[in-house]
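See the structures that follow.
Common to both upcoming complexes is subunit A, partnered first by subunit B, then by subunit C.
The block that comes next holds the complex of A and B.
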């Protein structure tokens, strides 16, 4: 059979693999991904069930994979009884929800994304359950927050879904960060992050000075996840999620992660007053408040959400009571709640699906339309209310028994049985309201005439309801052994003996159940008399705590205080910070060597520099009012730099500089047209504050420039180190990199990983430019058609024998023909540059730029529409292709056992050309080429489409999106 | 003197490079001396076509002999230069014509396109 290593690894990895596959499926493959998801869940179930013998023996199965052994971190999978039960719950409910979602989701939705998220979420939950290392647990914990964000916001066109997803993420992810901090403190106390070692160090932890901070931080993490007071507000808002998501996340998994962690760490953190008061009071408040508020909800899912709050409060309260039997009850209720709440959520989903509404006030008499679903939902709701012979009754009775048992005789303890009975009454009342108002009474007028759903959509509910019944009637035969396994692993040798019998005789807890049932019916009767829609009680209950809004308002205020949206201010701060950061390390150091031997000045070279300096100064002077002149002068300064590189024997840099200069110049020129005109009012006329600001800016610029010049000068005049890095590169370029062009070898081989990072940045920049320009609203004065073009168009309109645009075409006829013909020539040049790159000046970067220039020329010569009718450049595909090539080259080295991006040189025998030596970096370099080409063309397209957009579709700014494939 | 280079090649190369430089210089002086824009535009083209042509032929001869194999990269440069110069010239002159017309200085017979 399989080893336990394989089984555990498969359990964790399968959902993620399935998620990846699902995300690659076509959008309309609804059946395929449902089968995939269900199949994955079944495989995980099988591999979990193969672990049963070990679990029955109360063993702990561990497998450890080394990750960073030097830091004491390894990937540990650990499963004991409790984790196993929890994993079974996650996978089992997951399977049923996947099946249900197959029928629930509309074919118009992008379903592969949905199943991919669900599978990834399941994997993350399994990761929490099976982590044997606390850091690893926090990682999976944050993953669940992340995927729940994506799942809640799945219908992202809906504003409430977006808001709900955002709040859920904010609350649970910040709770996760607290948990992370707490876990680090805990690991510090215990001396290890390994769960087994932490669990063994309970006494040390409870006695440590840092116990309280660790406890508070971990509890914040757990309570936010389980939506306990005061962090409960995210859960009702998360109901904007599709119902399968709610059925999965908000009944069985996501919210259970918090109480799972509490139960997991209870042996080490519990047993103190702090634990009792914090966990107990949070649980108690949530338990009562949730049950109370649930009675006044009119949205069916909100009823269930508040009821979930209440039941999670009950579990938290049980864990807070800090006794072994209470922990047994907590674990038992975790399982019971998952079964009836998941089935209720799915039932509500069916009602919503069939009738088109979830409003209790509009629904009525559904029993005659949906008899089977109604019966199932009623049984599940009865389990929720704690009616005898159902599983909810059993765990609720255990809970009552625990509230009676005295613990420390405080006021809280004395009041607990009464409060518990009161909350139980509320829960009977809302369950009754759910049953009676929705299924009975006169048939209502509904958006759709409901009918029973397909059988397989109902099947998950049927199964879960059967579980509720069977566990409720014969608990010892069904859930008993499993509960024993779970309890034994949490409590170890202290595991109490417990009795799961349905009938314990006429005891006090039974009396409490009877009172709760009777009181619940009475409460419901009173509520029916009371007008639910307008009564003050209802208004009170309806006023939601808008903590999320307050938080974002505060965040916005702080942002306004500390941040700025003005680009000039941002740049000023950036330059100042760079100046200080550059200056600080130099304090107390000598910048220049004692003796300096400067090379004699070459007059021709000095002349070039004088021209360059004049150009640069003139650029700064013209930049404000004459942008075109400034741009041309900047080009002059760039050319001076380029000549400098050639003069100092750096042809590679010169080539790159030249091409970059050309491309940026053209792109800025294209953008220049959209900048608003500025009138030269002269420096003198400006008021004093403006003048002041300009002088400050001038001094910042001078300081930054002078600093940069000083540092460059110091670097250039320093003593050459005998064993510096330059010699290292020069010596090994050919022997190890296989290329004679050292610059290129450094870029694609020695420093290949850096290059990969740099081209990624390039892509990000291009995408940002595209995204910004897509929403770009030009200033009103630059919206109009340029004057020359207007004259030409007017001429065409005046002369009936001319087509519109003919004059323009005539005007550029000869240049445009020649520019079109240049396309293949520049293309050849680019290929030439690319192929020689490894041994001579050239390479992927400049080749990509040249190719981009060829395409820019076509756009300039013939206009966007003409070009895109003939050649479509898909920049995103080029960028993706580039990354694929670069990464494939890197990973290929892995496959043959070398580090990432190790190069390999081989000799190829080509038919006509003869022997060619090819380095694997050629493929990497091609990746660079493709990325540079894609990024540059993407920016070009973003600019070029501005023209089409304003001229053709003044009211439809979305036309830009068409350009990218 | 580069080793392995026959004298006649050295002399030929030198003459061609010198010729190219002189032509370019003449063009540049013309750019400085001519009075009107339309006259000035023509002066540098002598450098960019004939001048660079001479230098490139010199380069072809020099490197072909030095490496004992035909070297023709310079042809690509020649194509670029001869193709781009007229485009630049045409665009500049068109722009100047428009500017002059807007300013009321009409030196051209009326053209339908304007």
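The block that comes next holds the complex of A and C.
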């Protein structure tokens, strides 16, 4: 037999493994996907059922794995009766939904994505059910929100699906964050995040000063997930999802996670007035409102969505009533609702599939086309309405009995039976409307002539409806033992004795059921006469209290007041805040506490700085209207910086600065070609307010610049700390890093992980630039061939003795030869820089840049087409190669038992050259080289390709992709 | 005046002259009038800068300066030629 560790781990891991496999199958493999998903679900079911003996003994099965031992967190899987029942529900409904989805999804839909998400969702749900650690539970909780987002937005070409997915994610994920905070508070109170220890600390928690914050935060999490008022609005919009998703996530499982958590933590958090009022009133409002609004929906899925809201409200209300029997009823109704609502959703899916519409007003008389489906849906709808002999009736009667019982004698408590009966009437009315309007009446003209679906598509509904019936008729033989197991694990020794019989005699709850049924029929009769489109009730229902809309409207208004889309304003705020933040720490302190003696001024060097400053200022002044002049002046400022670095003995920086300077120059020139010319007519004259603004901006800029200068001066003249970080690196560079160039050793060894992060960012930037340029549309005025080029070409055309392009070739003859000859020279130089980088100025970054310059030079000399006929640079492959090298170096250290990216020195015996000291960081540095080379060339070539692309075909955006690939 | 002082003085003078050359190039960069003037001024600026770094090298005897000068000599012209190509054809890479 398997150990419980293996079983539990398999339960949680199998769906994720299945999801991974599912994502790798071909796009149209509907059958393979369904087999895989159903097989996974069955395996999980089997491993869960193997736990039955332990569950029947009311044991708690735990297995613990180390997760973050340093933080005292372990990965705990814990199954008790309640979690077990919930896991069975998740897997069972999952299995049926997977089977159904096989037939529901059309051949055009990319199914691997769908099934992979569904399976991963199932795994996350099981994670919630089986978590024995609260932090871990929150993790899986957020995962379900995430997969729900992906599944609602599965048809991402549909705007309403995207909007629905966004709203669902916003609401449930922010609820999840609140839950996280609440759980941390709870763990703080209880002294542990372990569920068993938290459950044992109920009295401590309820008596603690932080009880209320913890309760409110956790309730926000649970109520958002279960779509309870006022967070209910996301659920109806989530109906844009494919129907299997609605059946699985938004009726049977995910929305139950909230009530699951409420029931789970009820022994700890419940039993106070706060609990009763918050949970009870949220449940009550949702219960009544959902049922009321469901009557007025015309979309079948909306009817079901609002009905789901109402039933979830009922469960929440039961949990809020804070009595053991109510909790029993809540758990029972969780199971019942999952069965009939999932089958109804699937039934609606079939109707939608077969007729092409879900609009109740258009559907009619479907019974004659779909007799079997219709019968099944009618039984399920009757269960939803609470008709006797069906499972919905049993839990609803338990609910009625609970509403009659007195809890705290408040007004709410007294009104409860009446309100409950009223809402039950509504639910009878919408169920009746669903049955009568869709299946009976004259046959309607429909987009498609409906016929019965394949048998296996109907099979899940058949099975669920049979469950509804069997549970409704012989509850004690079927659901009884399971319910006992679940209730015992939640309530422990306080578990009440309950009786699931169908007939309790002529009691008050039964009378309430009868009144609800009769009242529901009457309500439906009134509804039919009442004009649904213009009646005030309908208008009220239409103008439903959509908190989501209100919130976004307010958010937009606040954003309009406080935010801005203007770059100038944003920058102004940013700089001002930075300025204030920079000055704040100085309050009460001197900026220059102890100053070092200043070096005497070297007049030549000072002049270089003045030149640099003049260049920088002139760049700023010219940037607006004379971009080329600004660019040239910027080159001047760059060289001044470069000389400064050399003078102050930072050759590494100087080298990098120079190369970056060169690449930037080419890059901006490439971009300049596509920027429309900016005319300064009229812009120079400005009224007084504009002038005022400019002076304010100027003073802000001066203040910020002076501040930065002061800070740099303070840092540079500060007394050197005796045991500062500089000495630390200088001492250890050779002994531990094996290199004499401290800068390089820091980059590739001491701070190698940072470098890895930085080159990743570089790759992301390069890829984004590449992706953006693929869709680049130049301004119309810069589309034409540049004037000078046109003149030169025209000259060739006008003279019969000249070939086209000859003038240009003549002009560039000498430079191009030199530039071509320089390719191997610069290449060798790059290799030299790279190899010596560990001991002398150089390294992968500058080597990569120099290599990129060598390549760019060829493009400049001979043009894109010529170069790409001779050498093909594959920037993307270089980048991939670089990553492979960098990660492989890191992992190699791992494999021999050291932390990631630990360096190692070894001596290689090379023929002819002799013994060479090689550090493993050389390979890492090569990775950096390849990434820098790839990223730089990718951006530059993508820009350069704009020319041939636009000249060949003005509207074809794919040339870059073909060229660079 | 021995060789040492002579070298010192000539280095100081050379330094000053190189910096002045840079200053004059910058004036040309600022005043133009045509874009070609500015590009040539930038090139002259680079050459003068390279010379300045060489004098630093002679002063200290540190090879790093010569290497830096070498890099400017090898790659400094790329920016100039890109600018020149831009002026001649309207685009840097075609």
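Criterion: the second predicted complex is superposed on the first by the 574 of 965 C-alpha atoms of A that agree within 3 Å, B and C clash if a C-alpha of one lies under 4 Å from a C-alpha of the other, contacts with A are read in each partner's own complex, and residues count from 1 in each chain.
Here is the rule we go by: contacts are C-beta pairs under 8 Å (C-beta built on N, C-alpha and C of every residue); 3 or more make two chains touch, one makes a residue touch a chain.
If you're wondering where the values come from, they're calculated on a predicted model, not measured in any experiment.
Peer 1: Looking at A:811 after the superposition, I want to know if it touches subunit B, subunit C, both of them or none. Which is it: first, second, both, neither?
Peer 2: It touches subunit B and subunit C both.
Peer 1: Which partner does A:633 contact after superposing on A: first (subunit B), second (subunit C), both, neither?
Peer 2: Touch status of A:633: second partner only.
Peer 1: Name the contact category of A:119: first (subunit B only), second (subunit C only), both, or neither.
Peer 2: Touch status of A:119: no partner.
Peer 1: Between subunit B (first) and subunit C (second), which, if any, makes contact with A:464: first, second, both or neither?
Peer 2: Touch status of A:464: no partner.
Peer 1: Report for A:828: first if it touches subunit B alone, second if subunit C alone, otherwise both or neither.
Peer 2: First partner only.
Peer 1: Contacts for A:608 in the overlay, against subunit B (first) and subunit C (second): which applies, first, second, both or neither?
Peer 2: second
Peer 1: Does the superposition put A:294 against subunit B (first), subunit C (second), both, or neither?
Peer 2: After superposition on chain A, A:294 lies in contact with neither partner.
Peer 1: Looking only at contacts as defined up top, I'd like to know whether subunit B or subunit C touches more of subunit A.
Peer 2: Of the two chains, more subunit A residues are contacted by C.
Peer 1: Return first, second, both or neither, reflecting whether A:651 touches subunit B, subunit C, both chains, or no partner chain.
Peer 2: second
Peer 1: Just checking: does A:795 make contact with subunit B only, subunit C only, both, or neither of them? Give me first, second, both or neither.
Peer 2: first
Peer 1: Show me the subunit A residues, by the header's touch rule, that subunit B contacts in one structure and subunit C contacts in the other.
Peer 2: 788, 792, 811, 815, 819, 822, 825, 829
Peer 1: Hey, which residues of subunit A end up touching subunit C in the complex?
Peer 2: 603-604, 607-608, 610-611, 614-615, 618, 628-629, 631-633, 635-636, 639-640, 642-643, 646-647, 649, 651, 654-655, 658-659, 661-662, 665-666, 669-670, 672-673, 785-789, 792, 808, 811-812, 815, 819, 822, 825-826, 829, 841, 850, 853, 856-857, 859-860, 863-864, 940, 943-944, 947-948
Peer 1: Tell me, which parts of subunit C touch subunit A in their complex?
Peer 2: For subunit C paired with subunit A, touching residues are 12, 15-16, 18-20, 22-23, 25-26, 29-30, 32, 35, 38-39, 41-42, 45-46, 49, 52-53, 56, 64-65, 67-68, 71-72, 74-76, 78-79, 81-83, 85-94.
Peer 1: Would you mind writing out the residues of subunit B in touch with subunit A in their complex?
Peer 2: 76, 79-80, 83, 86-87, 90-91, 94, 98, 112-113
Peer 1: Would you tell me which residues of subunit A are touching subunit B in their complex?
Peer 2: Result: residues 788, 792, 795, 799, 807, 810-811, 814-815, 818-819, 821-822, 825, 828-829, 832 of subunit A touch subunit B.
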